[in-house]
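We call the chains A, B, C, D, E and F, going by the order they appear; numbering starts again at 1 in every chain.
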Amino acid sequence: MIDPQRRWRPLPDKPDYAGFLSFGGAPLAQDPEHLAGVDVAIVGAPTDDLVSDRPGTRFAPRAIRAASCSPGPHLEAGVDAFAELRILDYGDAPVVPADPVRTHDAIRRIVGEVVDAGPLPVVLGGDHSITEPCIAAIAERRGAVGLIHFDTHTDTGREVFGVEHSHGTPMFRLVDAGHVAGNRYAQIGLRGYWPGPAEFEWQQSHGIASFFMHDVRDLGIREVVERALAHAGSGPVYLTVDVDVLDPAYAPGTGTPEPGGMTSVDLLWAVREIAARAELVGADVVEVLPQAVGSADITALVAERAVREVLTGLALRRSHARTASA
Amino acid sequence: MIDPQRRWRPLPDKPDYAGFLSFGGAPLAQDPEHLAGVDVAIVGAPTDDLVSDRPGTRFAPRAIRAASCSPGPHLEAGVDAFAELRILDYGDAPVVPADPVRTHDAIRRIVGEVVDAGPLPVVLGGDHSITEPCIAAIAERRGAVGLIHFDTHTDTGREVFGVEHSHGTPMFRLVDAGHVAGNRYAQIGLRGYWPGPAEFEWQQSHGIASFFMHDVRDLGIREVVERALAHAGSGPVYLTVDVDVLDPAYAPGTGTPEPGGMTSVDLLWAVREIAARAELVGADVVEVLPQAVGSADITALVAERAVREVLTGLALRRSHARTASA
Amino acid sequence: MIDPQRRWRPLPDKPDYAGFLSFGGAPLAQDPEHLAGVDVAIVGAPTDDLVSDRPGTRFAPRAIRAASCSPGPHLEAGVDAFAELRILDYGDAPVVPADPVRTHDAIRRIVGEVVDAGPLPVVLGGDHSITEPCIAAIAERRGAVGLIHFDTHTDTGREVFGVEHSHGTPMFRLVDAGHVAGNRYAQIGLRGYWPGPAEFEWQQSHGIASFFMHDVRDLGIREVVERALAHAGSGPVYLTVDVDVLDPAYAPGTGTPEPGGMTSVDLLWAVREIAARAELVGADVVEVLPQAVGSADITALVAERAVREVLTGLALRRSHARTASA
Amino acid sequence: MIDPQRRWRPLPDKPDYAGFLSFGGAPLAQDPEHLAGVDVAIVGAPTDDLVSDRPGTRFAPRAIRAASCSPGPHLEAGVDAFAELRILDYGDAPVVPADPVRTHDAIRRIVGEVVDAGPLPVVLGGDHSITEPCIAAIAERRGAVGLIHFDTHTDTGREVFGVEHSHGTPMFRLVDAGHVAGNRYAQIGLRGYWPGPAEFEWQQSHGIASFFMHDVRDLGIREVVERALAHAGSGPVYLTVDVDVLDPAYAPGTGTPEPGGMTSVDLLWAVREIAARAELVGADVVEVLPQAVGSADITALVAERAVREVLTGLALRRSHARTASA
Amino acid sequence: MIDPQRRWRPLPDKPDYAGFLSFGGAPLAQDPEHLAGVDVAIVGAPTDDLVSDRPGTRFAPRAIRAASCSPGPHLEAGVDAFAELRILDYGDAPVVPADPVRTHDAIRRIVGEVVDAGPLPVVLGGDHSITEPCIAAIAERRGAVGLIHFDTHTDTGREVFGVEHSHGTPMFRLVDAGHVAGNRYAQIGLRGYWPGPAEFEWQQSHGIASFFMHDVRDLGIREVVERALAHAGSGPVYLTVDVDVLDPAYAPGTGTPEPGGMTSVDLLWAVREIAARAELVGADVVEVLPQAVGSADITALVAERAVREVLTGLALRRSHARTASA
Amino acid sequence: MIDPQRRWRPLPDKPDYAGFLSFGGAPLAQDPEHLAGVDVAIVGAPTDDLVSDRPGTRFAPRAIRAASCSPGPHLEAGVDAFAELRILDYGDAPVVPADPVRTHDAIRRIVGEVVDAGPLPVVLGGDHSITEPCIAAIAERRGAVGLIHFDTHTDTGREVFGVEHSHGTPMFRLVDAGHVAGNRYAQIGLRGYWPGPAEFEWQQSHGIASFFMHDVRDLGIREVVERALAHAGSGPVYLTVDVDVLDPAYAPGTGTPEPGGMTSVDLLWAVREIAARAELVGADVVEVLPQAVGSADITALVAERAVREVLTGLALRRSHARTASA
């Protein structure tokens, strides 16, 4: 299944709705041996047991895959990630419904397996709690990471309704556990009515940089991304995208939508830019709550394209590196 | 708020979509003192943390209330439950998202509060796991109960995916804890592909009577209800209705729908018959997963009517008792 | 546009979704002169200003037309109504949104126009209030009519929320005005929680026959139709079908759905039987509240087929008459 | 129920989908005595009898409440309206379906009741005709008001299809009756194909300022809001927001959507700015036509957030006043 | 991947929404060598280029797989098809959008490949035209087959709108080509308005037996199935199920729905009975037009269960044969 | 039916949901003689046989008509196209489902018929393949045309999945056939992952100008439109708008949506500007895939408004010409 050559072989020419379901038509595999030589492994984390409002993101990994278009050159970036990178769909973590502890263990193990084998993991959530085991698996192997985090909400609660293991607390727990370096952690797109002063004081004490939606509105996305990249600095960076950072017009299918959000034009550019310039060690796209079939589900679709921008950014970086070394 | 007279006062004349949201326009209250003199208390249990497939029943209590029609005489039964009975909407149990243990404690407490004050509790789920705290609250006050259970699934798993606290296990746990008397427990509408021989052996060893959907098809609902009532016998009986006992045509909004199910004509008749003839001590309607607004959500609508049939059956029983004693 | 021959010419062969929108692809016309020689005129009454719950039936006439299939022989009845009868789509009454008085006047005028010119009017509602101007237009020309009425609700309220001009009162008003002969008026499919004893007493005093949904369940639709036909007796009969007589599984798109209703198998047969045997002077199908496009809207679809059964019944009657006279 | 202290007490900590349905979880009350000491009373006006196109806004008050998030500090404004203000959910006006005259009387009475007791009324429509009784109730107590009006349409028709009492005429009627001062009335977001020259001439003759959507596009929302505030001047101002001012991408659930509209980022900012700077005496958000449950209905959601921005603006004003007086 | 033992190994224990997408969680394979030793191969035919009305069945194979429940014993039949039979998901035929000729060739090749290797092919359509290449592939290897065909429509048109290669003509073409023996071909569920006398005369001349929906209504499904089995007689039989044979209440997601159809209780029983008693050489389920995700799509769900009944019938036959030979 | 005067007579005053279905309530006609004296003829092309992904645009012509609002003055442009121009709804081309060759011939013939009679054709697709017969019909009468093309995709594939007659190839075929002058052909809004270098090289070799979505983002729509108009130059120009040029937030109902697209504010302005300034000889709006009823379908709605902007631009041009000549 694995192409020994530097560039991944072209994928079979088939319509998106036919054939085995995988991300972008990438090869499917679930044995660790298939990870060898792979650049990026797509992993699903179909779980939503820890949400505080509307559930349903357990259906997202399949929906994001079903919204995939075929590989091809990114018309703005001019690079085809599937040609540049060896991309494998490594299936889903063996989640356990109604048992978030075992589910998170399973996610942590599968991401660790990927990292151990070499590929960069790109995870399809699931609710935002899955970022905790994803980053933990990376950080316990490579040390604390920087974090760039697109979201309406900071997700740095110490608890939500008294629950510590929640989709509103992963970033608190990751910083608290030393897996994320607060002074290399930037949030983009915050708005709405949560959290309160206590959480923001805690954030400040850890050096976390917050770019609110009104910063995006007032400074423009380019300036915000520059500042976020500067804050994240050099060293390994994880990128997490909660689709609710988008306005509900662009991403209606999410559990805690908040009007007044980003446009897809801004988000897609920003994700690619960050993937091309930061030293990415992992990424996820979370909180997609699909309803419709295939590309008719516009939230799964924009989430798929966000993953594509991660891949395109990585491909640009690879291509630039090759050019530079030539 | 409480009418001292034997018959509840007529409700205000208003369209169903206006005014405070309550079941059938019944008075809303959340203080235990308001339970005095009440015949039936409607309680919501908006939780779905323990499901194994599609979540969303946390939205059901509101949706069922929103699908309510105004009180009036049941055209077949000839009795108006809201005139005959003092019915109160006691609000929702104080559930905690992502913490099913605290949520179940809250449900158990609120149902116990109702039972202690006198009214019969009728609970709007929520997933089917909520039947466990509901019955437990009753049984610990009144002893083991008989159970009549409409469902596609037996819900008598010892575990589902290794999880013991699940919407697939409440009936096992209730029988196992002695809260439900197995030899007074009848299931109606079973079909599909779960559970397996081990569970059915366990069921048999406890004297549980199973009426499959093919029994309904072959014997007719009247004969099945006769047999179920005979099996439940005299003594306190709890009635639980999982809307997935209906064919998905009648109840598309549920988490684990199974084609080949009951019609609403049969279910509504059966529920009323049982409520009129058994010694009911509590009831619930569960596993409604709403999507649309008001009566446009046909699953919430049929669930609301199932609750109405419970109330109508109770009213018939009350009315017959009054006639008999006259 | 009008074929002078006894049988209507075959319609052009085109897919249902293309070409001018008309009922079954029938010719469109809106000038009275085009009514000459026509057997049946389809008229739309797109109004819902008088509903007490969910509005939206103003979109029904277009939706019912869009759900039309092409003409062809009815596979059970063996007759093609479009070949047997000259059927014209006479467009919509010139309704006035938010002005039900002018709207009803417009409906009464257009139905009168049709009746004056000869064709039998078949009206696509709109809410059920439109039956009042439809029957009034006929009765003021031909005298009081018998009525066969499929519905969950009797629609014989004197008022609804104090409003006399409502979709819950047309049958009261029609009987009260002498347009419908109470002793030739039969209702089929009643269920739910409305109206109350006062209305049923009034009904009884006028000799109205009520067949409840439990009668349909217990006697079967054939016996109920026999009794209804017998009650309607000889003389002119109007047929009105409120799609909420169907269970919400079969007709989810309606304003006041009531579970526990008829199946489409029963309703379609009954409508055809009545149209074939009664002396029909007009018919309507009302309370369709469409949401989806074309035949994807199953409520508009079953309403369209109910109209087809009216046409097929008329064609059978015509065909029998021709055979008998031969 | 009423907190005697200046700041309203924190609301109970519960998920948005549980518990009694009220705006933002605010206390529910319907007795005038409960209005004493309250700053803002939320009132529902669930009616849509006067629309000229798609109906359904009668379901909006419940849907907007169901889309509520819990109170908390506004992340841009830095103030929590529910902490700063005493906010009460005063339920719905006792509307009468199919009787717009009685319905408008009911709205006028309930808004008058609120104004008499002291709180500022914030009304959840309903169609836009409800602005007439809302403003009339205020103006007959406090004199003619200024008006800032977000909308696609001017709603200054003298009639629509010959109907004077319509959702297209309230602003004509209010100016005509002297309840709104034309020279203090500004419209924002106009576009599309209605009304015509006659209406605009009438508007000009009354000094009404119209900011079209192309003004928003060309000048930016900040400049437009400055000009509108300047036009409204000092003195009491009423704010009305028709959600169809938003592009259908942001507010698909409305009766007469018009592409080419505002973004939610612009609208939410503008509403808050106006509420913070004008001397607000009342506000409404209208023409929401909900379809889905809870926050899944993105139109109800953005309408809820528009109300929140009104509250946040009021809280800012209060907080500034307190600071200034300190 | 292939279990050498007679009984297939149990499938991994996972929730239906997680892991690689396959029918019932069966192993996925696409190399012919993996067909060895397999009893049943599931094949997708995602194409709808030849429909005459609403398209979209190209999404059905994925949707049917996504609606799969886990294996388990059929509660009525008492056998677990996945334990009894070696079932493989062989993926989709390599269809070509907008090129029905190449698509049908691809379907014919893949079915032929399955038949050559031994397994019985069960095909997930796709529109009904796919039955032509499926049966052709079988018949050219095993001779003319009998056919039992559930459908609203006969699909024996010589052309539809002048098009010979259509989803309305496969049965004409198969009989005409000698692949289906007309005198062993039975149709069940016919209704509606198509086709006309010419087609029925042709059918009669070939000995095709037609059971109309009114036969199902009048005789009952058991008698109809007996007669159909008797007509099909001994020898190889193919079973094709167009989901539009169901009433739109049960299968709203289909291209040409026709009210007045079968219930799922009847269809599922009938399919199992036929699979258990006829000498099945292949089967398909077609015309599913999915809209929603997973089991929320009730049409894909009932189609999946129809396939399950085929498998269960085959397992019963196998199990009986084993018992008989013991 | 045809008004001999220069200005078309005002249309009847009716709500949009009532009366015969036509574009903007324009007169309906299908006889060529009715084209005389007409300025613009609206033609439907309800076909989607050549799509490579989600089908359903065959329902678009009806849906676009149903989303029509009544005529009136464009509030920004100050002109009422229906007053300025004689606009006729010429119905649909007689398409043949599943036979794209005959369908395209039918479209070519009907557009030719319109062009021969004088009016400018404005075509409602259908998938984008319909642009080929539309332009061909014009070019064979008037010579090669310039083309301004809004789209995500270039549609200049030589084949898609090996199919030459596809909705991904019309622009290649039109340039290749000499019907479109490559050096007067400008594309606006390109993004995503298709096509590849070969197609762009071919485009360059023909002088085609491509404005990507990142050009719109970076230069602004006004500059892009200036450059596109300059590229198209003088001489006849055809305008084609694929609604997928819009972001899926604005046009979710389309077959191959691509996030990161245009806003409706930009598109509607651009279309009007082009229609006012270029020498338009025809236009189409394609790839609308409707789901909902009337204006509830926001994609059909924005498509309708795009057509309105074409008409408004033409009216402006006419009005300017009249002024200039006065």
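Just so we're on the same page, contacts are C-beta pairs under 8 Å (C-beta built on N, C-alpha and C of every residue); 3 or more make two chains touch, one makes a residue touch a chain.
Quantities reported herein were computed from a predicted structural model and do not represent experimental measurements.
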Separation of chain E from chain C in steps, with touching chains one step apart: 1
Fewest touching-chain hops separating chain A from chain E: 1
Farthest chain relative to chain A (centres taken as mean CA coordinates): C
Chain pair repeating C-E, as identified from A-D, C-F or A-E when over half of the contact pairs by residue number coincide: A-D
Longest centre-to-centre distance from chain D, chain (CA-based): E
Geometric centre distance via CA averages, chain F-chain E, whole Å: 42
Multi-partner residues of chain F (at least 2 other chains): 14-15, 17, 52-54, 58-59, 96-97, 161-162, 247, 249, 294, 296
Touch-based graph of the chains, sorted into line, ring, star, complete or other: other
Chain pairs in mutual contact under the definition given at the outset: A-B, A-D, A-E, A-F, B-C, B-D, B-E, C-D, C-E, C-F, D-F, E-F
Residues of chain D that touch chain B when the two form their complex: 14-15, 17-21, 28, 30, 44, 46, 58-59, 61-63, 66, 91-97, 290-294, 296-297
Touching residues (chain side chain F, partner chain D) in the complex: 13-17, 69-76, 80, 247, 249-250, 263-265, 268-269, 294-296, 298, 301-302, 305, 308
Contact set on chain F toward chain E in their complex: 48-56, 58-59, 96-100, 102, 160-163, 165-167
Interface residues, chain C side, partner chain B - complex: 52-54, 161-162, 190-197, 212-214, 217, 247-250, 252, 255-261
